[in-house]
């Protein structure tokens, strides 16, 4: 079983972190390959960054056939498009983390990096059907590329979120926080969820059950089309 | 890793089916033990049956320590109570099936046994946050204990549901349909989800991530209490 | 007209309180009989307690034919199952209290006993369609069996809730608070609703109009079934 | 106990029907006085009619002190304004009928007169929190003033609605249908609810519990104001 | 292009303010005529006031044919009825202001006059589909007729609302605040929306596109009817 | 006043159609410039197409300063990102069309091109707060680039949608249908809305009121970032 984990930003150090989490979580019979996009922003902190990260992500999805795919950015950029072109199931870390949290308690808090992305998280929560479990979204106000070195600040933000939101579970709202998952859970005494692990295990489960994206209707392969300009490469990249 | 799968009704033949599905789905390093309740209705087809199935189910949860638990009836009876008293995570097959479906398409159809239980399914869909993905619930009008022998009728009901609901995924709405999952998927060409497999793999994933029900707040162990009458046994059963 | 009010816990003193409220509220031509369950927890303060209270409650519903029934615990345990087997209408005190509140102002606060049950109240509010009127649920943190002696604390919690939630009506969230209804309303100057009175009068009204639970579909009498173990008695108890 | 039932249209024959239903439903110790508006449309079949019925209705509310009031038109015109100026509780027949239905089954159908008013019913259902119970609204396409003579057509529309909506309860969507309630219920075998009876009994119950509209906030008596033109009379009419 | 702007209260000074805002906002080829109701309350601060303002408003709608109409009170009184009888499109200032705000940011705060009207604003927000954008409604506690002289207090309330609600846009919740729009926006640095301008421009846009209220179904001209009492005049007034 | 209308696909003929509609709708003092993306798919008929259209669209937004912008594709691709980087207001044709429809009737039908995009329309309807007005979405099953020549088929689909959905307004769900707006409205007798015109007039109105996207919070200019690979050009393109 081979799973491709794609970091849709171009940071090497965050990709290494993600790879560590993904590989540790996966079962022994599951091979994880973690890559970063060849084109796109170095980190994703705005709608603009997110939009520009998608072509690079889709190129990675289309590049080679795996049994399943993980999109390792908490905004789940390009998820619908990826499902149209991928051969196996595709899971975003935000959807996996938030749905996993729903099995563990009455409601969760999401702790993100910059406050300007909080509304995006609420939007995803609604779209994934978990808004009734999402009791709060709060930012620790640390940029994405600095969050991996900020365990204490993130832990504090998690503790505060649980108290303020009256939640009983925490969801880490950035792939860059993946290494903080275990230590924070230990410190604050509630389940803490890292989307990278949750998504890898979710894709594994789908593959074990022989399940993939339905090809009936909305997520059928897209109609063939010619692409102009810089994106002309996408034409032949498509599987 | 040891997972206990509990069939909250007392039918031996359905329990054997569930055991087969659960054991097949689990990873090699995961030991599944499937049991049926020692007290309760022979099948669950009404609110009354469901209510009377819960004490037996809770006795099984409390009986011995496992790493995780699956409630193998599509009504997910006793789920909240089970979470209060279990040491590890508890997952119901309805929640696992319906949330799994949400990774695979735009929306799913649930096919159940008797129509009188359809509203209960809608209620669960809403509670689990998947009502936006649940495009229809329909019954094949076959009693629970006869559904394992009714592949053709169930397959037909699934096919009809996909066409009527304009859905792209099917969820089997009874543990007794577990063996029909693969053949129906092959026949009708869309992903078909069996909650028993989905729940076993979900519990496995939670255990792998070291996650269990939060003990902060609502799902903390219940306050000690004396119980009168037939239920007096429950006092000492509790862990 | 004969109405049976069932306290699904086994506390004699709370049952006496409930009986007093129920009898006082009923019209002269309405005979109220208040009982407590013969089996079950002494008080209901968790999902576990609630689940274990249901068989005893259902035994009381099935025991003898009345014109209508009230379930006198704010979690409305076993309501759906009771409706399937009862000959007359069945009303829970939570649904009656919260719907009554909706006639009296813009929105209500519910004041409960222990905080761990607050989410259950929200869940009921949603299910009964009153979540748009429910502006807050707060606990006075007094166990169920001590709340009847805690008028001052409950009154204070009500006053605080009205200010915090900007509500204009209060709903008492425990049958054990029934005697506090009139004194608290006088103290804080807003309508305060006791579910026991509200439910008794609601059942009375339904009986006067000749209305009972629909027997078409979901709440039709449950299919006959054999029950194993301790619950085998339920087989013959059913009407 | 004195209850005033106000028909906000000016039809004498419909007022007689309403009076009959209200008087029959009320308890022996409850005196019902039914009136029709002195100014307004002869029947209410549009937003325009409804808007123009409100001043006459408010004049009736303000005219003399009763223990409680019923607004006997299924659009519940002027309900909020009436609550601001009335001394006792005010209940509309639509809210009473639809909330009563929620005690009796999984979901109800409303059968109205003209289709152009259906959306108004949906709007009320949402506002009263019963949209989850309202499974359908359909019109029998008979004008308000002719509906009292159209038992067969209304019965047929009810029967069809139950089948189409898969509902298990019927709500009659016009005060002019009040006499059809019992015969239709007998014919089609499901509970049928007449809002006039439901509202009268609801007001009675509120009065018995000593409850009235909260005067804290939104429904406090309106600030004194001068009124120009035809409506100048309203200044001194106010209590 | 001729647009009639109707102030449904009878205050001359507020009407002058509204006229100034409406005229300034309109395009050169658009003639605005602003009137106040000939009958009704001098200001609208309760459900009672609002109900009594509607007949006067409808008389203005019916009086003479314009290309479009604006209802210049933030409660949008009589909007549905006006749409049934008007020849051209009718827009309320609350719907125009709140929908305009939805183009400009993540969410808006509404600042109103008296707190007792706040719930009415929430109700409109829900009805117009903007409740997901409406992050807060707060009152500056100044009566309608004094608000035009209270720039500083309103500005302060706006600033506080943005901070408290974490909103990024402000909607002025009273036609009497129309002149405060520009100065407050300058002071607090976020977009501030005056419904009078927004509604005038919205009606203009509809007229330019040749669009008016659909006459199919709910908003078709109301069935002819006789009106009794003071309102008898409405019979012949109707177009 | 200068407005830029951007067709995010690369079809010249559709761009000409859009330009005609936009120019005709705009007021005399408003200069419209219509362009097509320099990179991207020739038409947008899948999530994949939509994702790949966004970089080209953002390049057009960033290219030169206008007073306002219209995104002329019914999926409103890149709308949030565009708002972050644009100097003036940005309006999508789907949001403008659907919100405009909400002023004109009880509910609208959207008629789109290919069925696979219907769910995207529902998603937008929910996001824009118009799902309560959106009574149906149906496809005429004609590819985007052929729809401009298919007046009869589109008209038929509109007529059918109004009957099926019981709606009273139609929204054309593709910029390629812009020329069909007037003829279809005439044929079927209900208001028909073309998003291109609606969006141009909405941007005009916002500019006249001096309103633009709030720069407080979510839509503030994105943090500066380096971009790798093909997208590196975006770095210097940003304003």
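Per-chain numbering from 1; labels A, B, C, D, E and F assigned in written order.
What we mean here is this: a contact is a pair of C-beta atoms (placed from the backbone, for glycine too) under 8 Å apart; a residue touches a chain by one contact, two chains touch by 3 or more.
In this text, all values refer to a predicted model and were calculated from it rather than measured experimentally.
J.: Keeping to the contact definition above, tell me which chains border both chain D and chain F.
T.: For chain D paired with chain F, the chains in contact with each are E, in label order.
J.: Give the pair among A-F, E-F or B-C whose set of contact pairs overlaps with that of A-B by over half, matching residues by number.
T.: Same contacts by residue number as A-B, out of A-F, E-F or B-C: E-F.
J.: Between copies chain E and chain F, are the contact residues mostly the same numbers or mostly different, with half as the line?
T.: same
J.: So the centre of each chain is just the mean of its C-alpha atoms; given that, what is the distance between chain D and chain E in Å?
T.: 29
J.: Please work out the Cα centroid separation of chain C and chain E, and write it as a whole number of Å.
T.: Result: the chain centres lie 44 Å from each other.
J.: Going by the contact rule already set, what residues in chain D reach two or more other chains?
T.: Where chain D meets two or more other chains at a single residue, that happens at 106, 119, 217-218.
J.: If every chain is a node and every touching pair an edge, decide which shape results: line, ring, star, complete or other.
T.: Shape = ring; chains linked end to end, path closes on itself.
J.: Can you list the chain F residues touching chain E in their complex?
T.: Interface residues on the chain F side: 25, 27-29, 89, 91, 95, 99-100, 102-106, 128-133, 162, 166, 168-169, 182, 185, 189-191, 193-194, 197-198, 201-202, 204-206, 208-214, 216-219.
J.: State the interface residues of chain C toward chain B in the complex, per the touch definition above.
T.: For chain C paired with chain B, touching residues are 10, 37-43, 45-52, 54-56, 58, 78, 80-81, 83-85, 114-120, 123, 126-127, 143, 217-220, 222-223, 225-234.
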